[in-house]
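Report on the structure given below.
For clarity, chains are labelled A, B, C and D in written order, and residue numbers in each chain start from 1.
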Amino acid sequence: MSSDKPLTRQQMAEIVAADIPDGAYVNLGIGQPTMVADYLKPGSGVVLHTENGMLGMGPPAVGDQIDPDLTNAGKQPVTELPGASYFHHADSFAMMRGGHLDVCIMGAFQVSARGDLANWSTGAPDAIPAVGGAMDLAIGAKQVFVMMSLFAKDGKPKLVPDCTYPLTGKACVSRLYTDVASFRIDADGVHLLDTYGISRDELAARLDVPFT
Amino acid sequence: MSSDKPLTRQQMAEIVAADIPDGAYVNLGIGQPTMVADYLKPGSGVVLHTENGMLGMGPPAVGDQIDPDLTNAGKQPVTELPGASYFHHADSFAMMRGGHLDVCIMGAFQVSARGDLANWSTGAPDAIPAVGGAMDLAIGAKQVFVMMSLFAKDGKPKLVPDCTYPLTGKACVSRLYTDVASFRIDADGVHLLDTYGISRDELAARLDVPFT
Amino acid sequence: MTATVVKAGEAVEAVKDGDTVLVGGFGMAGMPVQLIDALIEHGAGDLTIVSNNAGNGDTGLAALLAAGRVRKVVCSFPRQSDSWVFDGLYRAGKIELEVVPQGNLAERMRAAGAGIGAFFSPTAVGTPLAEGKETRTIDGREYVLEYPIRGDVALISAFRADRMGNLTYRKTARNFGPVMATAATVTIAQVSEIVEIGDIDPEVVVTPAIYVDRLVEVPR
Amino acid sequence: MTATVVKAGEAVEAVKDGDTVLVGGFGMAGMPVQLIDALIEHGAGDLTIVSNNAGNGDTGLAALLAAGRVRKVVCSFPRQSDSWVFDGLYRAGKIELEVVPQGNLAERMRAAGAGIGAFFSPTAVGTPLAEGKETRTIDGREYVLEYPIRGDVALISAFRADRMGNLTYRKTARNFGPVMATAATVTIAQVSEIVEIGDIDPEVVVTPAIYVDRLVEVPR
């Protein structure tokens, strides 16, 4: 998808969905990544994992479908697709930690040029720390896709040379999808994949991170 | 059970069975320990574990009961009792290693005065090493009962100050049942529980291990 | 020993002052609500609670915290929109908190149940939650050494039990229950239904009876 | 990626010379006989075989060994009344052997599947099988550090599969299958029956489809 304007959150979700291989096992993090499910092609065979113990998660449950025993990681009621399976928490995180998921999609506060991820704490001195499964997800999947706005409200870039927020995981992000540009990150550095309503030069001027 | 003669293997099994608490979860090792099952009281509620993935193992399978998918650790066909459960090998050995079994009963080549167990290898230079689950069983149960003859065919005691055969586990045996005497072993040493057709003095004279 | 069927009040008498109590559930799914209520009534205090969250609203774990019975919470995610009870106690310095990544939390309890002395986990490497912990590079990857979390008592919720204590669960309410059942000295399960021995197919048992000490029937 | 349904011969093309192959089964229960036969026909050699035993009689694993395809066996119990093929190769110095206590064997594969870098096991402490291994005393108990065992390919036998690759097993034939499925890059399962997606209750799946790459139907 190309665009000459910054992407909406829906468009970002659509782009991410298009980059998920058919038949992949995928974990969608809480929040914006959840929207990716809406754009998976019917028949893609993508299987959703939820770390609270399920493969084959279906769409949100509505009305009579709502079952308090069947929720996603955000504790929202969901449904079960044919071919699903349930397992306990240690087995579920073994599945992630063991690298069996093809893709995990997460939000972020910051991503570094080396693929470091910061998405669990702003490091505010009075904040109550809470990490959930973020650190396990960050290191668990074969590929970690991050979705975020590229610039904070104050204009500061969130793709940074080094994360200033506390890390969730080191060198774990392989793709970064933002409203104005998407990137691939590997051992060689940051590679621009596409821009949306911003020029390559403007991007280079506004980021402290070199990219090819 | 008292006896003024050395015990038969059947009598040893009967004595061991009588020492298993009602409702206990028990693993019976291959060979002589298997016989203990024949002497468990009906209604004792003792549940048998087999390390190849089952709780609630029943008696040996005969005739039409034989199912190649249902065997004990000795690979003999067995049956399933009501209330049984199946689990995989990692879960089965987690159950043992985690100390959840009440009693494990094993044979032995030697037991030391500290409760060291040697039952997997005679250390012969040309022997092919093979340990199976013996080392896991030795350290896994809350109590390890050993059944063996007290003296080898050449008259040498098998309850020894230090095992000369390669160890299966250290300080793991809590009860030792033999044809001529039974013992309790704890951090204080060896304690004689009963004799069968041998006097205490004769026992003391023939063993290099002090006991109370 | 095989499980005994008791009332919730009798079941939680196993909890003593100062105990570590593992509490199942992920949100409300799998939360042993009636056992927690009985624990509040029981009165044991100075507890360490190990659970994924640190209480929601004013009931359940939050009520236990509000009653001043909890010295420390070990969890992955204490901060939620309705965790005001915990938040207040924490900001007032009245409760200790150990935040553990969710997978390490589950695996540390699994290690306790499985007799593993410690394990090297790749989770949290390079983050504040690994600070002060032993690290090691194995086959080119960095790991943090994590230790078992054992409970004196586990309070879990399952779906169906037989009278021996074999358990099945329903959907994602399974979550921490099977792991916690292995990791505590005494495991208490509240279940929707208790059936006769032999009425659960041995192939579908999720928690074998060996892990369950007390059963409390709480029909839905 | 979800599983594909293929013939045994096509399935085992995943095995390359020099690979480590995990082979399920405990005795004949859960032994993937047809996959082993196909592997013999396939011809890959210089293999490391990880399995509980080292072959019985003259068929199956024993035939693979007899064909000279195996460089090393990792197992808990090679020596059996009818393990003459292995015995002969071993005594002739034509095959390497690593004996691993059965529970450590299972747990080391579990660690590989679960992303654990290494773990401290109490099994084998003070025995010849712990010689040369790192030890540590934790909370007053001695442990040996054990490392993961990963497979390039796992050959397992299950009872029923759906077309996605979800597996159930039968009785004690479950044994090493579920663990090996998690520990290999490519997992090949022979099953008695392949059913449609949705025909296996999600509550009773033992091996989730994510761990299964190829399915081979071998009706009993």
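In this text, a contact is a pair of C-beta atoms (placed from the backbone, for glycine too) under 8 Å apart; a residue touches a chain by one contact, two chains touch by 3 or more.
Since the structure is predicted, the reported quantities are computational estimates derived from the model, not experimental observations.
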item: Interchain contact steps from subunit C to subunit D (minimum; 1 if touching); value: 1
item: B-C or A-C - the one linked by more C-beta pairs in contact; value: A-C
item: CA centroid of subunit B to CA centroid of subunit D, Å; value: 28
item: Centroid spacing, where centroids are CA-atom means, of subunit B and subunit C in whole angstrom; value: 34
item: Chain centre separation (subunit A, subunit B; CA means) in Å; value: 54
item: Sites on subunit A at which at least two other chains make contact; value: 54, 80, 86-87, 93-94, 96-97, 139-140
item: Residues of subunit C whose C-beta touches two or more other chains; value: 107, 110, 114-116, 121-122, 169-171, 202-203
item: Those chain pairs that satisfy the touch definition; value: A-C, A-D, B-C, B-D, C-D
item: Subunit C residues touching subunit A - in the complex, by the definition given at the top; value: 26-30, 76-80, 86-87, 90-91, 97, 99-107, 109-110, 121-129, 142, 169-179, 206
item: Of all residues in subunit B, those that touch subunit D in their complex; value: 50-54, 67-71, 75, 80, 86-90, 92-94, 96-97, 116, 121, 126-136, 139-140, 166-170
item: Contacting residues of subunit C [partner subunit D, same complex]; value: 107, 111, 114-122, 136, 138-139, 141, 143, 147, 168-171, 202-204
item: Of subunit D, residues touching subunit A in the complex; value: 1-2, 110, 112-116, 162-164, 166, 182, 197-198, 202-203, 205, 208-211
item: Residues of subunit B defined as touching subunit C within the complex; value: 21, 23-25, 45, 47, 49, 54-56, 80, 82-87, 94-102, 139-140
